[in-house]
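Sharing a structure, written as structure tokens. Questions coming.
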Amino acid sequence: MIDFPESEFSELLEKLRANRPLVHVLTNDVVQEITADVLLAAGASPAMVVAPEESGTFAGIADGLLINIGTPTAERIRAMNLAADAANEKQTPWVLDPVAAGGIPWRDDVIRSFVAKRPTVIRGNASEIRALAGFSSSGKGVDSCDSSDSALEAAKLLARTVPTVVHVTGETDYVTDGERTVSISGGHEMATLVVGTGCSLSALVAAFAAVTPDRVAAAAAASTLAKRAAEYAAKHAEAPGSFHVHYIDGLYLTGRKA
Amino acid sequence: MIDFPESEFSELLEKLRANRPLVHVLTNDVVQEITADVLLAAGASPAMVVAPEESGTFAGIADGLLINIGTPTAERIRAMNLAADAANEKQTPWVLDPVAAGGIPWRDDVIRSFVAKRPTVIRGNASEIRALAGFSSSGKGVDSCDSSDSALEAAKLLARTVPTVVHVTGETDYVTDGERTVSISGGHEMATLVVGTGCSLSALVAAFAAVTPDRVAAAAAASTLAKRAAEYAAKHAEAPGSFHVHYIDGLYLTGRKA
Amino acid sequence: MIDFPESEFSELLEKLRANRPLVHVLTNDVVQEITADVLLAAGASPAMVVAPEESGTFAGIADGLLINIGTPTAERIRAMNLAADAANEKQTPWVLDPVAAGGIPWRDDVIRSFVAKRPTVIRGNASEIRALAGFSSSGKGVDSCDSSDSALEAAKLLARTVPTVVHVTGETDYVTDGERTVSISGGHEMATLVVGTGCSLSALVAAFAAVTPDRVAAAAAASTLAKRAAEYAAKHAEAPGSFHVHYIDGLYLTGRKA
């Protein structure tokens, strides 16, 4: 395992901003606004196109796609299926965020049906990744009660089985394709008190995956950017309301000339 | 009527943070993010599980439940019914927020059907509580045009009739079970210019109700926390954008060691 | 073409705050919260009433209506149709925001069906207005790739054809009924990095249209307020997270005594 190199991060961030990829976002009801704001601040272009009548068409136009199973409904799941199929057909990278995997059987079935479509990257917390890999897990609602270290073996197994790139986030983030694993440290725990920092990170992965064929690097670059922004926020805020504001600022300011 | 004692507030706030209750939130489209952020900042754990296929199961796992009738649709109402029934079966406390009661007959029928399930607490503004109790009311959209004082008798009557605990908020907040009534003063009127401060207060009531069997105290503790946060915000902000940020900060900082 | 006069802006802003119009908002999933916060900060009263069972009734009560085609679904479109019809019947002003017009045929059909109902004002970016007028356009997702200047002739043509008032926004904003055209300059480009500043401007147009029969002036006043708020934000923020907060503050503080 290696630390993700700074030089590779800088290069990918520049590429993201030069290309401004259009990210098709199918996410949950709670984090729509922060996800759009995170993508805009980072340098990408978000578009939430959610009706089954147009989600397939739009996924074929977009540069990357996020499917987040946070608040699935029958109609939204239909739209997500059409979008994932279109992305696969056009070889557009797409990210699956398996929110609260391991909790409710109906939701787990939904999540498994998307894993079967072979997402480009699966991004989750330790409890979710452990659950998907068939390990015991102890999530509580949408929060992880397992450490990301404890999910590393699960992540590698899941990556080899699907096969895909698995991105497990926590105090340290890990990205693995089952063979190559990179780690990203830093960040700040107050990010867990702002709803949507995890979900919007998955959208950032889709944005970076749109500008490089190396999906391990794409996920690692997204993690690095999020952790830098959290460190910036922690320097400027002592509570979650301010942290949120400075987190968005940090995404924008990271890597820009003063 | 008595003022809610400071010592009781401190004790319940500590208990909330020690237990970090999981609050199942079924709320309107507008306030999803602020509701999650408010619960996280206060010390609880939010989860929006909205599909009828899983809302009943999840309500049986959660420590408290909020049902907010802000933007009801047929499918969401179905999910809410399953959740309320599951909460009743497991004796999980649940809060009903009857947004804009007294306005539109169809919505009033929806609200009445949930009142009939005997929520643990009903939290509304003066116009909503007056309308539910059968008093004349003068709401305009989602805003109250009546004072909370004018709704106190309506609140007591409603509390005895259902029976339940009624929590009416405004310049002064009142909580009553029909016999015992406590009042909570303070706060700041700029909170009314930030969407979701009322709706998210109802979520806080569900969080506190998860850590004490005394539901009058639970609602009063939630009101106290919200009013403290608003006072903190008013000290640091002169307009609603900044007020929102500092309100979330205030929820987090209240009762924590410096 | 003339600049929108300062005195007219001040007068309409005072009128808005004196009347506090109730704006019925049917908008997309992403911008619900910022739209409500923008209306509240400016001095209007937002209400999101979205179920087909009540949207028509409510549109008949409200002072203005916004229909934003951002994330349409079959059920939401049904609610929007009922609301637009009720507004037309009661001669309540309503604004159409044709998000991403010119992109996907299904969405364009939806948008055209609302244009056919003759909205009081159509507010869009240059790519959207060009597409609606039958000009070539180059939008990318929800963002415009055309300048507002390039859409001015399209706006005039569209205004005469429908007929309606067309409001095209960009670096300079233009409002035209096909004969009279006013321009509004100023603002700040960082507003494009905060999701919902455009969508919520359409809601502000509905609010101003509720307090004056001169719809060109209403749209121009909304543009002026938004540009003032953006200028205020740019003075206080150097990145989009802070910009968002100060933008809301700027809407509130503009035109108020210190």
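Letters A, B and C mark the chains as written, and numbering starts fresh at 1 in each.
Note that contacts are C-beta pairs under 8 Å (C-beta built on N, C-alpha and C of every residue); 3 or more make two chains touch, one makes a residue touch a chain.
Every value quoted in this text rests on a predicted model; they were computed, and no experiment measured them.
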item	value
Category of the chain touch graph - line, ring, star, complete, other	complete
Self-contact between copies chain B and chain C, residue sets same or different by half	different
Rounded Å distance, chain B centre to chain C centre (Cα mean)	32
Residues of chain C engaged with two or more neighbouring chains	29, 32-33, 244-245
Residue ranges of chain B in contact with chain C within the complex	28-34, 70-74, 100, 103-104, 106-107, 140-143, 192-196, 237-242, 244-245
Contact footprint of chain A on chain B as seen in their complex	22, 29, 32-33, 36-37, 40-41, 45-51, 53-54, 57-58, 61-62, 75, 244-253
